[in-house]
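Look at the two complexes coming up: subunit A is in both, with subunit B in one and subunit C in the other.
Showing the complex of A and B:
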């Protein structure tokens, strides 16, 4: 599960969803892997404004990844001015958001404390029946 | 203990979820061609829209439009594993009634051949509500697609007078080379018999899906019938 995905996930419990503490989920005992994919500058450029940047910073920090820029990078920052090629910022973002993946571990809700397992790169949000 | 909600849940566990888990790879190999209405909906989305595929199965709709980002989810972890191959999208194992997504956050959602697997009217409306709740106000759109009762042209031949709650067989042909295990597609070399699984379906009659959408707080934008299925494009009704 790539790091980007964490920006689109919350706790699955109805009682948590309205609560700001249920987002983002906090990785725990995470095993990371790097899965190489082709860089898609337009995809990243268009996803950036859709991301909750504070949540993204929290999650990458908790995963022990390199710091993200303080603010959402602008479209201009993604292109190298002289060459017109992808900038280092864009390459770093691609590596961090699209290639860095949680292979296994847990995702913890800070509101209710429930832990969702991640196995073989896939998070499981099925709730035990007493929690539904 | 008689708890109707729990009973429906365990009924669906046995007659829907367990079956898909077992037939996943065979099911997946038969599901590759997108239906036209779904393809049209996905291709008409503005570039780089962000949305959900709720009950994504093997992920065949993740590949339709490479310029949108989709988070797919399904109850079957075997199907989700197959769906996870579709980059740049994301997938997770989740239940339609307990989705791991923020409310009112997404540009679109599709839920194809899913809602008809819930076994009571209340749970089907709850499922539709769960889909609609993920949509942004005003511009968010959901496409919901369910099996129709009216299928006179199909080999099943159901008509509007037939029973709506049915068990539909899924036959896995035994291969000549060897039995293919449904979960992982591995062959063990032994010749195999055909295996039949039964899945529970609620077959929708004309107008019923629109009714569920409205009962769930949605507004029908467009609706129709396509090859044995009823479909609706819906948005959230204006906040009262």
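Showing the complex of A and C:
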């Protein structure tokens, strides 16, 4: 489960849907892995405006990852001024959002406390029938 | 012709094998009219689109969309995500999509960015208003009963007959649609206005017994200027499994 994916997931219980505490899910006992992938600068640039920056700061902090910048970086901050190449900020974001994954552990809803298991990188959001 | 992803690693005893419905989705999503519609709906100047396939099975459709993102969307900053109730399907999908992305990159194609395939029920774990394109090839065959979603045993310590029973159950989840073949599709349709973004589009496959024209009429009665249109079909002559694909979207994207 890539760190970026946590921006798009929430607690699966119907009763949690309207509650702001159900997002983001909080990683617990997470084993991380780093999987190298090709950098796509345009993707990072056009994905940044979609991110709930406060939520992403929370989950990266909880995962013990390097701090994200205080505010969403601007498009200018993603390009190295002199060379025109991807900036260090862009490379760091790619590494954090696309290359860092939760290999195993749990994702916890702060509203209901339900823990979703992650095994071999696959998160299980299927609820037992009495909890749906 | 765009390349069809390889699914040779997938075990069809427990995962739905790509069939006419899967290929109709591939043909429709890459047809000139849908390519034109999608590039207008998601102009390159706008934020990166997020695609979700519900019920990925072998992963052939999600892999096709991810591997050919540059062709289908006219841009490669497209994120893709899958969900399936079947754990084996999740594993198979990841392998299928990663293979297609690798092949596309090697053939100097323009693949998108695959995020994940999660285990779950429809869009229950997806953040509201976050999906730009949702693709669903549902269990659409009318059946007396709808198989239950939970309680499957994935332990490796099982007898052959227990495994066979579990695998048959997993397969039944991929086709058995309950009354009119619409029980699962109706639940998904109810979730669409919640999970789709302001510019979001749903592609849902139906068979003739699902009464597609009734479904269109119902969608057009939703609040918020929703509409639906048949944008692809196959098996036009006879045959009880005549298939079509509905595109479901807001005529005027809400702000």
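Here is the rule we use: the second predicted complex is superposed on the first by the 132 of 132 C-alpha atoms of A that agree within 3 Å, B and C clash if a C-alpha of one lies under 4 Å from a C-alpha of the other, contacts with A are read in each partner's own complex, and residues count from 1 in each chain.
Just so we're on the same page, a residue touches a chain if its C-beta (ideal position, glycine included) is under 8 Å from a C-beta of that chain, and two chains touch if they have at least 3 such contacts.
Quick caveat, the model's predicted, so the values are computed rather than measured.
Visitor: Quick check on the superposition: with subunit A as the shared anchor, is it clash or fit for subunit B versus subunit C?
Guide: With subunit A as the common anchor, subunit B and subunit C collide in the superposed model.
Visitor: Which partner chains sit in contact with A:15 here, subunit B, subunit C, both or neither? Use first/second/both/neither.
Guide: Touch status of A:15: no partner.
Visitor: Kindly classify A:98 by the partners it touches after superposition: subunit B alone (first), subunit C alone (second), both, or neither?
Guide: both
Visitor: Given the touch rule stated above, what does A:128 touch, subunit B (first), subunit C (second), both, or neither?
Guide: Only subunit C is touched by A:128; subunit B is not.
Visitor: In the superposed arrangement, which partner chain does A:4 touch: subunit B (first), subunit C (second), both, or neither?
Guide: A:4: touches subunit B and subunit C.
Visitor: Figure out whether A:74 sits in contact with subunit B (first) or subunit C (second), or with both, or with neither.
Guide: Once the two structures are laid over each other on A, A:74 reaches no partner at all.
Visitor: Show which residues of subunit A both subunit B and subunit C reach, each in its own complex.
Guide: Comparing the two interfaces on subunit A, one with subunit B and one with subunit C, the shared residues are 1-2, 4-5, 8-12, 14, 17, 23, 40, 42-43, 46-47, 50, 98, 116, 120-127, 129, 132.
Visitor: Along subunit B, where are the residues that touch subunit A in the complex?
Guide: 6, 9, 47-48, 50, 67, 69, 71, 73, 75, 77, 80-81, 84, 87-88, 90-95, 97-103, 105
Visitor: In their shared complex, at which residues does subunit A touch subunit C?
Guide: So the residues of subunit A touching subunit C come out as 1-2, 4-5, 7-12, 14, 17, 23, 38, 40, 42-43, 45-47, 49-50, 98, 116, 120-129, 132.
Visitor: With touch defined as at the start, can you tell me which subunit C residues reach subunit A in the complex?
Guide: Interface residues on subunit C, with respect to subunit A: 46-48, 50, 75-77, 79, 81, 83, 85, 87, 90-91, 94, 105, 113, 115-121, 124-128, 130, 148-151.
Visitor: Can you tell me which positions in subunit A touch subunit B when the two form their complex?
Guide: Touching subunit B from subunit A are residues 1-2, 4-5, 8-14, 17-18, 23, 37, 40, 42-43, 46-47, 50, 98, 116, 120-127, 129, 132.
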